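Note that chain A is present in both complexes that follow, paired respectively with chain B and with chain C.
The block that comes next holds the complex of A and B.
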């Protein structure tokens, strides 16, 4: 049978590379770093000024609302929540696609995500910032937001942990913290690249500090990857829980149209659906403006479109089940709410939502729409609009016609409502524009790792760009090895190799020769290196577990103590000790501390931050974060012998061999 | 045994197909057990028809959930095009084979509708105003027609995918990959809708005054995790007998273990959301459903679901070593299957025994009969085709899969 399998397998079509344009490590580094290093293009200034104007409008409106009071909004009885919560849910939702791309698709080993995850994560952060803005202002007395923090406040009471609103605070705060951490964590190797490319001065210092002294060590990559996996798992659980808790804000209530058990999964899918369309809205113009067509090619866009189609259908399922149940369930009020949505004064909002979210995404069944950027851009805009209206429909139409016709009313947005909505987009886009100027918008180290040349078993094509350089380098090999400045005991012998395959072979050779204190330096983790270096499984999972257990215990006992012991306040008839109601905050805190544990584990195990290390003295070591592959043999190794070791390194294919001093 | 190698020029006789399990003994053992247990259950039907009907609906829903869960996995794998999973695709296909018999198995249920469902009782349907309103949806003829439609649709979907896969074995045609993927796309939409309404009709309408919009998703979650456990168990069984040597490695088992923990969490998430929202809003007509399940010794079963369906498997699956150990993986799979049955029992039986949990010998005999029948069909299916889709061009890569 194996022969038959081979026979068929041989005919399998070869999958095209995800990165087009024949890039190598150096050209990719130049392309992505160039976005940050080259002079600011004119289009950036134009777009940035527009965004900044919108941001100023938003800022002025925020000041006006906070100083005057939320009476300047159009909300009144019976519509007590309107644009504020609509915008909040809209922005939190946008954030979810970033985590989907960076975490969930990572767990499913979807390599195409590498080109998109960095900027999608940034999108998450800025969207969460917008959500935070709206939800803070909606408190009315925004300066008292600290009442949500579990410390006894000025009137000696604790937050009500049985309220979905304090769950929301825990969820959004955790989401913002963990997303920032995850994003920054992924940035560390790329910040090191920028540091090593900087000519010097303030730029090098800032990137250098932020990079925490990252040097691309093979031993570091080992823990780094483990933490990345942990963070991805935690972020996945978190992203689901956050929108679940946002949906609890509505679904725990007894308002018809809000109380529906399908809300949690249906909100999560809707959030991812809206976020993916925001990704398309941003990337379609940016890949042209920033020259990223090679990195974000038709295949990436097509997969995004398919995901929009899939999540859109799941969302439609939610709409359909809600409609069916409105009829099937026993509540006449529930039936009325849905009837009113379809035919009442806000029917145009409902039908906008239906057309944009349920019908238009089906255009993605056609290949043409999935492969034509401007067409998918238009569809994505429709979905953005539709998802904003979905939240508006849920929030406002469930409230505006109360149980009694005498308490019916309408909501009309005021100019402040509308300008603040626009201001939210201003905040989001301004932050985004700053991000693409200041930080690499593509995860360089991850994109390099999916190049065919990154596979150690790939036979490299000769690289004309570096040929002369390498010829020079090989001449240098014959020069005395101890060319470094002597100002301390010898630390290690450093050699540069041509590619990941050569480096891996060299490591295997040195290990076979009895060397143990080896380390490799590469711009991305090399598959199989941890085995070659004989590293044990990373201990990061233990740190994560410890963090999780601590967070769980801490949060649960905190809530129990404050609600059931210290301040026994009857809230909504719920039992004083309600483990059910403590679950959301316990879960969020558990994830938060587990994430802290994972990151702390990587830093502790790797001995970072450490801004200075002898290998940084290597003559061409700055290439270790660009396109260089280095092997260092520590002088402490019992087998270390200056001449024998350098000879062996040269024999294994090492170039620019040098002896570095501490 | 569909052995097509003679038809192919240049093809050496196929070693694996020659060693096809001669032992049809499993099929016969399962069939015999199904017949014996079925006979006992039939006797129970005449003695205690109401109890029989309830036991029967639980057991039939259980085997159906295994079938539709496997069908869902199969279609998800086709749509996602995941390479590693090709090695278990054939086994998933085998797990969906019993779906073809469900129309037949539905007959005893259709004969007992009025014993099961309040709304099927014509005296209730004409007096209770709520049931009168719902009668255009909840009435026996329409229920039978809908059920027949669901069962037929699943049988056809499973049949289409199995047929394509068998044809792929002999021809190795690449186009079949695309064709099965397209079938799976519309198939998943159809399956998602039919399984939801199936769970509304068969389980949720046992209490026609109660409803929950997440119920369909809850049924999906249970079916997905239960059928995944069944797949793991089947794979481990075939591995132990040496049928999958060099085909399904521990790397693949590890991957299945990861999916299992993911869906164990998913089930718990959905179950908790439904519980929390109903507990919190505290509508009498909604909480009643949970009040029954949290009173008497139903409460103990509720707690055991939390621990048996979530906490224990979750912690056991957490360490990497357990996911790579056939013993632990098998143990967890059995645990999950048992608790998946308990979950369905917990959904259905409190309608009959509102006071407390009273096990009955009919529960056991009916379940034994239907599950044995299910196993017999699967065992037979495993004998008829090679254990992996040998015509799929992705198989070579799938066999070489290693966890990073």
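The block that comes next holds the complex of A and C.
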């Protein structure tokens, strides 16, 4: 223990601090917002140009493939799926680590995730966008993708809900939607920070609009946190379900090498494994380039490496069980597939996969590899390569030896295949570069909340940074509270406090004095504030439940009506009404609508978006999303009396007290 | 710091949201209406090289469809009659009519009259004309009341959903096969169309296919 503390700078006696460099709220805000606000650095332009060139290549290739047809790819009977599905599964898999970090680790209260979750979620979104690109082009006639949408149409047919491909559409579409919502939801407070720091009018308005009028109200945080928990729970269900359903595309077939019950867990662990290695690939250079070493320290990287080691071993177990079952199952076809993988014409792909995914991650047993960024970067690159080859091996080697030797064939990629693969990386990296330039790449409000000073029971050291400012502010307070334009009745009295602890004490004091219409404004949720403000349990879970029940009922009855009543299509003799086959889509839709319910609940209960609010008139209120802690007493409160309330606020430690008009 | 948004911003935002929802609704319903074959195909009435009136020939003169469109009971495709069919009569009747100039020119030169095709099934649809006519699907069911059309109009959408309507419930459209070309056929007094259709369906052992491969072979 002692040794570890020494190594991490001995920041805390019990547990090494997650945020190094002695940051406070203001310096953290400056650091993260600076990435967006400061002039664009040269390295950004260089990397962005390279990515953009790759994106243009990918765009041209997409146009070529869509306009000419997928015959320009190298695949042909018997290899009907090749790079397209390999890339699709690869990119969907990459996304899973983002959701793991943002959702599962949130539920497990892993505080270190706060430094990583925002950009990992963005990685998820962009990876899913790439997956969507490949799977859409792969349709051949991409403009007919609407056949997958269960809308009434002139051809009177509906999707076949007994096919894994329509499950897949539901799963990936739900995943993309919920991940986007979750990501944007977390961004709201940080967008408000950028709004309040922005100097240009247009910039302020754009961030302001996107922030939906967020003002960090204690009552809002209460519902916000509840929704965040709901979304984390729902996204957890997606981490497990989405790649399971992607694996059904293979596992429900009768192709040896695909037709296996190990596929769902094996795909999910593989997905997380590949995604975590992509996180390392991205964060190791970015923490240096963006100056985020304080936020993403050695401890974060080491935990990521350990996770890669763990998921890598789970994946290896999947590989071994596959081999064991092929041998033990006794099917000559199954045995041949695996023998062929190891020794056949694609053996070099198989062994690349084995070396990169099974052997190389074991380097992380050595501490040196877990603590040396460039070494872990190389291992992560190997894992990325290995995971791409894993999908290639699964897709292509299972197909290229058909049951009859007369139908055997080979797949060789054409230049279009290869350029489109490169273009996929172009799309991903271009979106990612734009993201780090336009949006805060670290979840500010969450990182602030894990600083020791965020604990209201922590007594902060006096902060020299704001001494002069505060002295100035208190001088201003001596003048009568008169900020704002007198164009309405008085709305509230606003006071600023030094820290979360002072704010909490002040709230308790005012509540004890009989005030009820109080609200606090802070850059992050303060532990214990909902109790001090006497807020009831949030109603957001009820909205989530209602959404979930609606989604379940809607999806199941839709599938039943379309399959069993409106369009009774006989597909391979499967039952027309087969509730078992409806489970995946019902589940995904339930999660989707529950997430809609959770977000709608937060917005409705908090009355957002509300772009204008009287508290925005506060002189230093822009600090409420940075490092300021405010308390507002509404004029509607029966106990409200201008002079008495102001005096009480001052007595409780309030500064810059002012009366705001509506 | 000046305010980012004033009080009116929320009102404007509300209006924008309502506007977006309404526009999205308009776009979706517009696509449904203007993209549906009911809109894109029904009403198509191209100008033909000869102003031939079905109303005159099939309606007032009461000529059978089969006089000109021979082979619809035997062939998988319906046919446009050759110029000779026109000239069977028009050598004698209105033999000097200016309106028939194109017909006579075609007859003497031997080049076909370039009629504009009105009804067309896509290449990926297998449609056998004879099977439908001989099982008792009337001309009128798919082509409309041609006997009342001075210019032939695309009367039905010919969408896949429209095909399936009949394939799922053929009894609503069946008639005795020898009444297929009769524009004025009605089910017998004692029975409704459905009852009559069921009898005919049983008699001809009609199992209209709903399988994909029935039409997409």
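Simple rule for what comes next: the second predicted complex is superposed on the first by the 642 of 662 C-alpha atoms of A that agree within 3 Å, B and C clash if a C-alpha of one lies under 4 Å from a C-alpha of the other, contacts with A are read in each partner's own complex, and residues count from 1 in each chain.
One rule holds in what follows: contacts are C-beta pairs under 8 Å (C-beta built on N, C-alpha and C of every residue); 3 or more make two chains touch, one makes a residue touch a chain.
Please read all numbers here as calculations on a predicted model, not as lab measurements.
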Q | Larger contact residue set on chain A - chain B or chain C | A | B
Q) Who does A:585 touch here: chain B (first), chain C (second), both, or neither? A) neither
Q: Could you look at A:248 and tell me whether it touches chain B, chain C, both or neither (first, second, both, neither)?
A: first
(Q) Between chain B and chain C, whom does A:280 touch in the aligned arrangement: first, second, both, or neither? (A) neither
(Q) With both complexes superposed on chain A, which partner does A:260 reach: first (chain B), second (chain C), both or neither? (A) first
Q.
Which partner chains sit in contact with A:313 here, chain B, chain C, both or neither? Use first/second/both/neither.
A. first
Q: Once the structures are superposed on A, label A:353 by its partner contacts, choosing first (chain B), second (chain C), both or neither.
A: neither
(Q) Is A:329 touching anything from chain B or chain C once the two structures are fitted on A? First, second, both or neither. (A) first
Q. Which chain A residues come up in both lists, the one for chain B and the one for chain C?
A. none
Q. Any idea which chain C residues touch chain A in the complex?
A. 1, 3-7, 9-10, 13, 36-38, 157, 159-162, 164-165, 210-212
Q) Hey, which residues of chain A end up touching chain B in the complex? A) 1-13, 109, 164, 237, 240, 244, 248, 251-254, 259-265, 313, 317, 321-322, 325, 328-330, 527, 537, 573-574, 580-581, 583
Q) Which chain A residues qualify as touching chain C in the complex? A) 153-157, 195-196, 204-205, 208-209, 213, 568-570, 609-612, 616-617, 622
Q) Which of the residues in chain B come into contact with chain A in the complex? A) 5, 11-12, 14-17, 130, 134, 137, 172, 174, 189, 192-193, 196, 200, 209, 211-217, 246, 265, 269-270, 272-283, 285, 320, 386, 390-397, 399, 404
